[in-house]
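Every chain is named by a letter (A, B, C, D, E and F) in the order it is written, and numbering of its residues begins at 1.
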């Protein structure tokens, strides 16, 4: 089997040669930003929005890449093109751009580091991790680890500092290995997000999702809001407590890879009737229609294939 | 000039060959822990304490290294030995151990990643960055960025997620390029630490330093407490506000590299008389006596040398 | 088998006749306070301290009982005496005093209700619930439910409003049925207490327990502090985070029934070496010596007896 | 005079026989939920909404009653029917359903207790307590006791743990015996609710009521919102500070019994002009029209009758 | 040059005779409220709104002036009339009403002091301080000093206690003498206001301004909202973080004197493109149209005049 | 009757001539600091400490007076000397130094204002306000107004911004005109201070007083700590909740004027036995001994005199 081709600072290299210095601040301090979209039929979904958000994240941490958004989109499409021969027709994949601050020279402070690192790469979607959950629904647990508040680091930027999310994931997995994800509260006690997805709750027939202050402004989240609009389902932001979730009729999470996954259990309690609900289904269906791919069916087909090529190196469901 | 030798997962390589995969979670997510000590006369200071703290940091993020503390100490001494020929007699250096979670295979969660990365390396101390401050004193600014609270990530572990500190540093440097470091408050409004040092305040002849909840439990901080004990200067932990600092007789920061640096200005206000104070001096003197090196004098001598070899790739004053 | 005798507002009745009106505010609103001690060799332990704390709890919620502390102690001893024939020689039991505000007449506010209800009763200790944990150690989980802060209801009074604790217990049991108790954080993110016990952590050879603000000032907690004093183990109050617990050498909980139980797992992480530790053992041993009863051995003997008479109607480990 | 008939676990008994074991967790720990509506012309108002909320409250504390909502409504109507002969034509009453967790058997945790207690009963409305306030307006005081935050116990469920409210009431009554109710702030400093009512403020001609996070989602509150809609008075939820109330044109409280009562004084300050305002009056009038009962006039007539039968055992204005 | 005429407790005196006792509580404790409007073509802008807000501020601190709003408006117009001869045709000015509690007699508490002080005076607008900023944009810095929360003193009243604002200004000016104003965060970490202006952010083409809880409800702020309405620019209140501002397309501040000033730098970062933006310009233009004065041009003309008469004794931009 | 002589910016004037411009920032914004001591036998108590604290307060708000502490002490003694002829032998008085920032010239920011105002004056002690409370004890109420947190303005400086205290006083007096003072909580819910005194609680025979973060570091408070030391009463700082106060054996407040006053009621609850306690008495007695004046007896004698000369213009008990 051939290797994937990775863009690395102007070069295209096989993935096993995609290496960086251990003195790159991306490695030393997680001093980086990134973004990830997925393809539908090998075409990236909302690529422009993702690259635009990447540039916001970079601006937030004061990295000036020296390339335009247009450049990064071109490179991204190039990476996809160069790897296309490796992918099955029915398969789709993640595509990620990642920028780290690069190497720090003696006497430099953060603002002086200018030799930034850009990598762009693709990864097959980890269908096997979640395909069964379209029917079963996912199980979430609320860990003690709270989401970092905006006055420390804004949760709205997509950054290479994920230990807050990772600690939450570890706690949830240690307590219940079968739980899909940790559902994090913010420091005020309101629901924020999982380690890699945004949450929506169906309450009295309306969709509600946590305020943008303490969550990543997911592009998948935006897509749900748009789809809800076209489906004429009222949808709003709000401060949500666990009580809202415990009393909800339905709930689902949204992220780049699986788009929409029903949540059927939180902290050992059934959500709604404990099975995927009709509004969740209609949002997923609308998304499938929008992209021309039956999202759940594709996942199921691919998950069944024994020899799935999977080079997934991100955390599960790692983009929004 | 020869390259430094770096330990990398069982091998000793020149620093330009010290590279890792961009798919290592250390690079992707800052999913790592590290520790740094410095040498005095080429012997590492409190190496055992630093390695012990490294193991605590690893335990906190659920990385089991597969080596003992004794092993890591041995490797560290080996790295020093192999690089000794490159160092001047009067020079000292940082020595760092860094462990990242390694590469994540498809379908793995954080706890499943077991192929961790260990690197050990040395760097010349950046005397030139701080030597003049023993006499002048450092200038600090309080940025708007608050230190991440312990319910999100414990500040007491030394981890590869430094964006909170970096954002603070960037804000301070943008506002006042001549400021040495940002002095961060915690989310309750009390003083925590700078981006890379612990603070001590002299108030009514007593030393006070912020409570351990929201700071790295610096080994340099411990050393100051020990030296204060031997000097019979009362020393305690407490919740400190900026008012305490504005009214203080003296203040200083402590970190692995410079040990003790006087702070003479905070937010544009003079601290005490605006010059390094006598208690600060006596602590630094005791530290010099303990190590057999006149710490400030060594820094000054080295800073003067034109052709200082400096491969510093950490943030300034990056260890405690 | 005979029934236990219960004191109820001046009368002694068999337990199946110990009933109150559904219009008693104790039933309607949990408007009550209580205290529970246990016996050693059929003699109540620190009865005076418990009754004194009961009177503090009553004062806090503005109930004036109309009886003196001496009266309540006399009634308590009387209840024990009247039930003694039902108890085995090696068995010990809980003894509880409970005062509810009584029935509210039309037009009355809380302060006008004066016909308070006093009940005093005994219950066999639930040895079977915890006897095996002296050797194994208990498993705790941190639920999302936080301990009610003192500006709402003081955690230091022992009151008939336990839903905060019960919600925490339910969450922990739903997520992990084998966990012994929920370990609650306070609203600042510091460790407070379990639903029915105080926590002690052994850190660098010293005992530390959460500050009194957000916990019940347990009499068992006081006893541990006294025993630590006599054992010359340094012991102090402090703000504790989960990091402290994860890094601790040992941890244990203390409550009236089992006195001291080792904690060997928190949130799926081993505490210390994951087995009961030596300082925990020495505190338990000192307590056994103080009371003349080998506490763990007694629990084990009783737990083994098949036909244990158990009329336990409190939550497990329901007193401190 | 005859006794009221109470439904108690499947039986109909006179109120003096409505007793439960002191070992019922409802009595021990306030481990229960309840709901109360009132009748207009002997017909319960929004019974379905109240029973639906009762089932939400039970779900929140993990009690499965074993009866359907329909069953509970039937029992409720039955209780009303059986007591009708005792009531005057012009009188109305509260009707309450209350479910406690029941008796805990040895070794059981909360989730194991399954023998729940259901009681349903009626009480004459305490007209005498509030009839004069339609004209005078009520006086409120802000106590130091803050409303329990949602991360501890959700204020949106109607539960048998009322000590937080009771402590607030006691403080207000001790300081000013003539005050009608305490007006509680939440832990962020915003207005939440009184011990037994929701607050509405009239500001620039608009109705505003506190956000649902820290209050009971009163059905009376919902009714006000509906009536405001039909009266074309703008009405919204918001975070309210005492400043809003001090500057308001009018304010009123709403609860099941009195429906709408003007608030004319808070913390010794007049609200608006210090007399009941026109918007308050119009909402009350609309409510009277909706129910076919002149609510204030009925209260006044009944309050005047000397020999009112009153078996009120709740706190004043105890339902919403 | 003649002196300005000041109204002081019923008399009209030259400004150098406008003195009060050092025992007036306005001097002792800042125990006062005030309001300031500006004129356009010598006619006060929204005088009624300002006087109405003054009476709200007085009500908040329990001062009853003994004059009607109409009286105060009359006096204000009188003061303007009496000073008109001193003003150039193209010049405009601030006009301020200030009420202090007056002198406290022995044994009096705050509520007993009834001899209040009223002063009304005008001041030339400090065009020179800000005229250049219409083109350049203002530079703001976030100080460590947080805005006093509403549970301590409501930021919505305009009061004579400005040390919170002054401390913020001092910190900003010490750190960067060229910064125009401090931008304060509230105690939750959200943006509140500057020391003397409200902030608006342009985000995705929409105007957003901080919620009213932690800011002065500026009349200039209201004017912007009205103008935005007429310009069909969507405008809303919200919780804003610094991230919102860093990512904004434009930002501006609004206050009585300069009406609208672009903000082009915050904490050393450029806002948007770092130059005044088109929405800012359109709001300012609409304001000019509303008042018949080209606001920026007037400021520029006046700032150029060498011999500007300036008796400004307030802080810069001291009203909204 | 003669007037008191007041020092005002270098001159000695009769009090009715002690006037300042209404444009002094002390009047406009409360932009000032002050300190007050009292005399015993016409000699000022701890004058040096008070003047030293004044200079700290000035430093905090960045006012450089241009006089030395020695100068200010000399002026103070001079003011006392010049007024001595007006005082009875048995009478004592307050003596206050007050510094305001002075008049702001056009274009100046806070730091540019350099013409500061200094006034020094004496006032007879308001014995009549508190003499009866030595025997009766004072009644306190907890208002909703919370003490400004240190991240907004440090409570440790004695500043001319008292509206936070005044709003608390007004609320308490409106609710209960007979209450002596409001007892304020800080924003975390812990006890801070009254509007003009520090609180001490006697708990288990030990004195405890709130931590210094949220209170004025009273010199009277320091004196109590010193006297407790000499009386061998254990005394410490701590976080105190109302529960501590409700359960206390005794409580008292301390301020410059009355030194020590017992507190016998808080929020309508008796403190301890509801009468002044023995430890309170012993501290007051020690203070009398220290100063050679029977403090309570002097107050009682003076309060009885009908024609007390009282020119008190501060708030009651206005210094510590």
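Please note the rule applied: contacts are C-beta pairs under 8 Å (C-beta built on N, C-alpha and C of every residue); 3 or more make two chains touch, one makes a residue touch a chain.
Since the structure is predicted, the reported quantities are computational estimates derived from the model, not experimental observations.
Trainee: Matching over half of the contact pairs by residue number, can you pick out the copy of the D-E interface from A-D, B-E or D-F?
Mentor: A-D
Trainee: Any chance you could check whether B-C or A-C wins on number of contacting C-beta pairs?
Mentor: Pair with more contacting C-beta pairs, B-C versus A-C: A-C.
Trainee: Per the centroid of Cα atoms for each chain, what is the distance between chain C and chain F, given in Å?
Mentor: The separation of the two C-alpha centroids amounts to 45 Å.
Trainee: What is the distance, in whole Å, between the centres of chain C and chain D, each centre taken as the mean of its C-alpha atoms?
Mentor: 33
Trainee: Can you list every residue of chain E that touches 2 or more other chains, as numbers and ranges?
Mentor: Within chain E, the residues that touch at least two other chains are 62, 144, 146, 149, 151, 173-174, 185, 187, 189, 242, 269.
Trainee: Under the touch definition given earlier, write down the residues of chain F that touch chain C in their complex.
Mentor: Interface residues on chain F, with respect to chain C: 185, 189, 239, 241-243, 246-247, 269.
Trainee: In their complex, what parts of chain F are in touch with chain B?
Mentor: 56, 59-60, 62, 149-151, 154, 156-157, 211, 213
Trainee: Residue numbers of chain C touching chain D in their complex, please.
Mentor: 6, 8, 15-16, 18-32, 34, 61-62, 98, 100, 103-107, 109-111, 119, 121, 124, 126, 128-129, 144-149, 151-153, 159-164, 166-167, 169-170, 173-174, 187, 308, 310-316
Trainee: Across the complex, what residues on chain B touch chain E?
Mentor: Within the complex, chain B touches chain E at residues 141-144, 146, 171, 173-176, 185, 187, 189, 242, 267-269.
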